[in-house]
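Look for subunit A in each of the two complexes below; its partner is subunit B in the first and subunit C in the second.
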Partner chain A sequence: MTAQASGSILLTHAIGLHARPSVKLTKLAKSFASAIRLGTGPDGPWIDAKSIVKVMAAKVPQGAKLHFEAEGSDASAAVAALVGLVERDFDGAEADAASG
Partner chain B sequence: MPQAVELHGRSAAPGIAAGPLVRLDRAVDLRRRVGDRDEEQRALAGAVTEAIAAIAALAERSDETGILDFQVAMLEDSALTDPAFARIASGVDAATAWSEALATQIADFQGADTEYFRARASDLRDIRDRVLRILAGKADDELPSGAVLTGEDVTPSRFLSVDWSGGGGIALFGGSPSSHVAMLARSIGVPMVVGLGPIELAGHRSAMVDGDSGRVVLSPAPDNLARIDAARRSDAAERTREAAVIGKPAATADGEPVSVMINIAGADELLSLSPANCDGIGLVRTELLFHGDSGLPDEEAQLRAYAAMVDWAAGRPVIVRTLDAGGDKPVPGLTIDGESNPFLGTRGIRLSLKRPEIFRVQLRALARVAARGPVKVMLPMVTVPDEIDEAAAMLDAVVAELERDRIACARPPLGIMVEVPAVAIEPALYARAAFFSIGSNDLTQYVTASARDNAGVAHLSDPANPAVLSLIAGVVAAGKRMERAVSLCGDMGGDPRHLPALIKAGIRTVSVAPRLLGRAKLAIAQATAAGP
Partner chain C sequence: MSRNVGIVIVSHSTDVARGTADMVRQMVGSEVPLAFCGGDPGGGLGTNVEAIMRAIDAAWSEKGVAILVDLGGAETNSEMAIELQPPERQGKIVVCNAPIVEGAVMAATEASGGATLQEVKRTAEELSPT
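The block that comes next holds the complex of A and B.
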């Protein structure tokens, strides 16, 4: 059975989608069977949300709106989980930006 | 032993270290026997697996696993390795294929708009070199504990492979104070100096790193070394003493309480800090918010950033300085390019009043966040009282607007920075400010007519100049008469050499870099408030 789901959420994390949150996001995405894509606009461009290389290459800044689209047996659970992770600000993924 | 040689670079992490000099980037012979395509595919696959295992092993031993987890995730991603395997399939050897595949990624990060993403290029180089060394059968040489590591740059995984508990430091020809390694060095307490430029190391076996002043001495004299060792020991003892006072309210030796607040530029700096260690945030520099690659921040983005700080402070005051762009802090698309003397040009409140459409957005965000906690707003570079009136009128207007639209807000107290000598000389003329915060860095530069960014006049730009201290004492006295709070948020507020004089001058609130909280509280405890 194939289902489709989509959702979007504002990225509030300082610096944007940097190394630590990207690791968390891609790890979570990989825990789902569905194909999941991440877009920085409602019409893309779309990237594989399971690829840390692609996610980091997108260099998503703070304040961007993240769009998720999933297709597969657990599509809606995947989108809900990813939106939740961003909403919870990556569960305290500490920012590792330069400071001082 | 060769003659001692003194070098100067930029401080990246404070503290003093001395020890044997160890080259980081000795050229490693990476030549290897090249096999057929299948052998090369297997060689690369094996090397990547081995690299992942080695980084994971490093992560086991380290508390700073974030960077290492990132490197493992990158190596596990076929998006990184597939292009290399494709190159091997077309007849290229494993090492060349890997280097080429990584070169694309490194170039991509190097071209990024923000410092943060640019700095990730060094993580990619780290990954690249580790795999190349494994391919060539070259094991990582163990770096000794207690040594001064030197070279062009140092990778995060090399840094984390060292046992720093036995002391040691870093002296780099290149490097940057905002690299991952510099951040790690600051958090672990490894003295580090960067940007020494190309140096001749031949014959030198030992070195001393002074991360406070950015100085490195090659082959320091033995008595010098003994002194450094003593300094390092007392440094460690100092840190223990700082740890003992950091969680307590500060007071002078004769019992006069002093508020110690912190200076920050972004909410991310607060993550590793306990609000209980300070009396609030005495200076929020908002410039960094305006440097994102998505352009100038809108009201919501600013509100989120300020709200995170107010929430962290949990009822303690948060003093936000409105945009202080210009001078040595240009903001693309906002500040005026090519001013002949930007420190004396359109910066701070001067720029904000010229760009009301941008200033208004910041004031709206600040009025909204003021509904959330005790927020104060501070204007930088005020020169004449009219500037306060103009800003106050704009603030009142946005508050009225928000109230009309039934958006939660409050009118925060509006104070000023005292950094232009005109204000410091006649503070009584600026009574319309709700409070004064002395910006000692700029005040010193303007009083001594010595640019902060000009090393040639650095010896003149001294905050201990009697003229600067006399102005500070004058502002404190005027503040008392006018019933206006006076604080100080420049570097001298966190400097044990200057704190006794500041306390004597009547300063009872300082705001310092978070890492200086303990040092400042300790220096305050040793100072006396009453005259000699």
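The block that comes next holds the complex of A and C.
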């Protein structure tokens, strides 16, 4: 069964998608079978949400809206989980923000 | 036995090696086998083959081990340590051509998702300056 899902969420994290949030996001994305892409705008540009190098290189700033699109058997769960992670401000990765 | 590729960090400095390992542990977590070595037995700067071999043993995974190195001798000694491994490990250990700190974090992130040794190496090397 292949399904598609998408969602978006405002990135509120203090200094944007820096190292630790990027690692958390990528690791979570990898836990799903679906192909997942991350866009910094509703029409892209799109990057592979499972690629730590690409996610970190995107240097998404605070206040940007993150768009997720997933395709695969667990697409809905993947988008919900990723939106949730950003919504929860990366589960405490803010401790890292102060020191960079 | 871990289902993930292991990571070995080899620096001339114990502090750099330990600090890099700390960053991997804190940023990526503990699901990736990880070991580090650095410095010479006298407490100075250097790398040595025996310590690298012990680190490979400590981080060993049937999926293989990716080694991140800093400068010159770290790479040649790592290659010597690989040559001295038993036949069943040959082909399952690689040295990544990547910056040691960034490469270790990227490699471990990739490894944590169950990636193959070649995928882990490719991800670490994707970082190289363009």
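In the analysis below, the second predicted complex is superposed on the first by the 94 of 100 C-alpha atoms of A that agree within 3 Å, B and C clash if a C-alpha of one lies under 4 Å from a C-alpha of the other, contacts with A are read in each partner's own complex, and residues count from 1 in each chain.
Please note the rule applied: contacts are C-beta pairs under 8 Å (C-beta built on N, C-alpha and C of every residue); 3 or more make two chains touch, one makes a residue touch a chain.
The structure presented is a predicted model; accordingly, all values stated were derived computationally and were not measured.
Engineer: Aligned on subunit A, subunit B and subunit C: do they clash or fit?
Structural biologist: clash
Engineer: Regarding the shared-chain residue A:Asp48, is it in contact with subunit B (first), subunit C (second), both, or neither?
Structural biologist: In the superposition, A:Asp48 contacts subunit B only.
Engineer: Could you say whether A:Ile15 touches subunit B, subunit C, both of them, or neither, answering first, second, both or neither?
Structural biologist: The answer is first: A:Ile15 touches subunit B but not subunit C.
Engineer: Figure out whether A:Gln62 sits in contact with subunit B (first) or subunit C (second), or with both, or with neither.
Structural biologist: The first partner, subunit B, only.
Engineer: In the overlay, answer first, second, both or neither for which of subunit B and subunit C A:Val23 touches.
Structural biologist: both
Engineer: Counting touched residues of subunit A, say whether subunit B or subunit C comes out ahead.
Structural biologist: Looking at subunit A, the partner in contact with more of its residues is B.
Engineer: Would you sort A:Ala77 into first (subunit B), second (subunit C), both or neither based on which partner it touches?
Structural biologist: Neither partner.
Engineer: Output check: A:Ser31 vs subunit B and subunit C. Expected answer is one of first, second, both, neither. What do you get?
Structural biologist: second
Engineer: Applying the touch criterion given at the start, work out whether A:Ala3 contacts subunit B, subunit C, both or neither, answering first, second, both or neither.
Structural biologist: In the superposition, A:Ala3 touches no partner, neither subunit B nor subunit C.
Engineer: Once both complexes are aligned on A, which of 110-118, 128-136 or 182-190 in subunit B overlaps with subunit C?
Structural biologist: That would be 128-136, the only stretch with clashing C-alpha atoms.
Engineer: Of all the subunit A residues, which ones make contact with subunit B and with subunit C?
Structural biologist: Correct list for subunit A: 19-20, 23, 26-27, 51-53, 56.
Engineer: List the residues on subunit C that touch subunit A in their complex, please.
Structural biologist: Those in contact with subunit A are residues 26-29, 105-106, 109-110, 112-114, 123, 126-127.
Engineer: Under the touch definition given earlier, write down the residues of subunit A that touch subunit C in their complex.
Structural biologist: Subunit A residues touching subunit C: 19-20, 23, 26-27, 30-31, 50-53, 56.
Engineer: Going by the contact rule set out above, which residues of subunit B touch subunit A in the complex?
Structural biologist: The contact residues of subunit B facing subunit A are 66-67, 69-70, 73-74, 76-80, 105, 108, 112-117, 119-120, 123, 177-180, 182-183, 186, 265-269, 271-272, 292-294, 297-298, 300-301, 304-305, 308, 513-515.
Engineer: Could you please specify the touching residues of subunit A with respect to subunit B in the complex?
Structural biologist: Against subunit B, the touching part of subunit A is residues 12, 14-16, 18-20, 22-23, 26-27, 48, 51-54, 56-57, 59, 61-64, 92-100.
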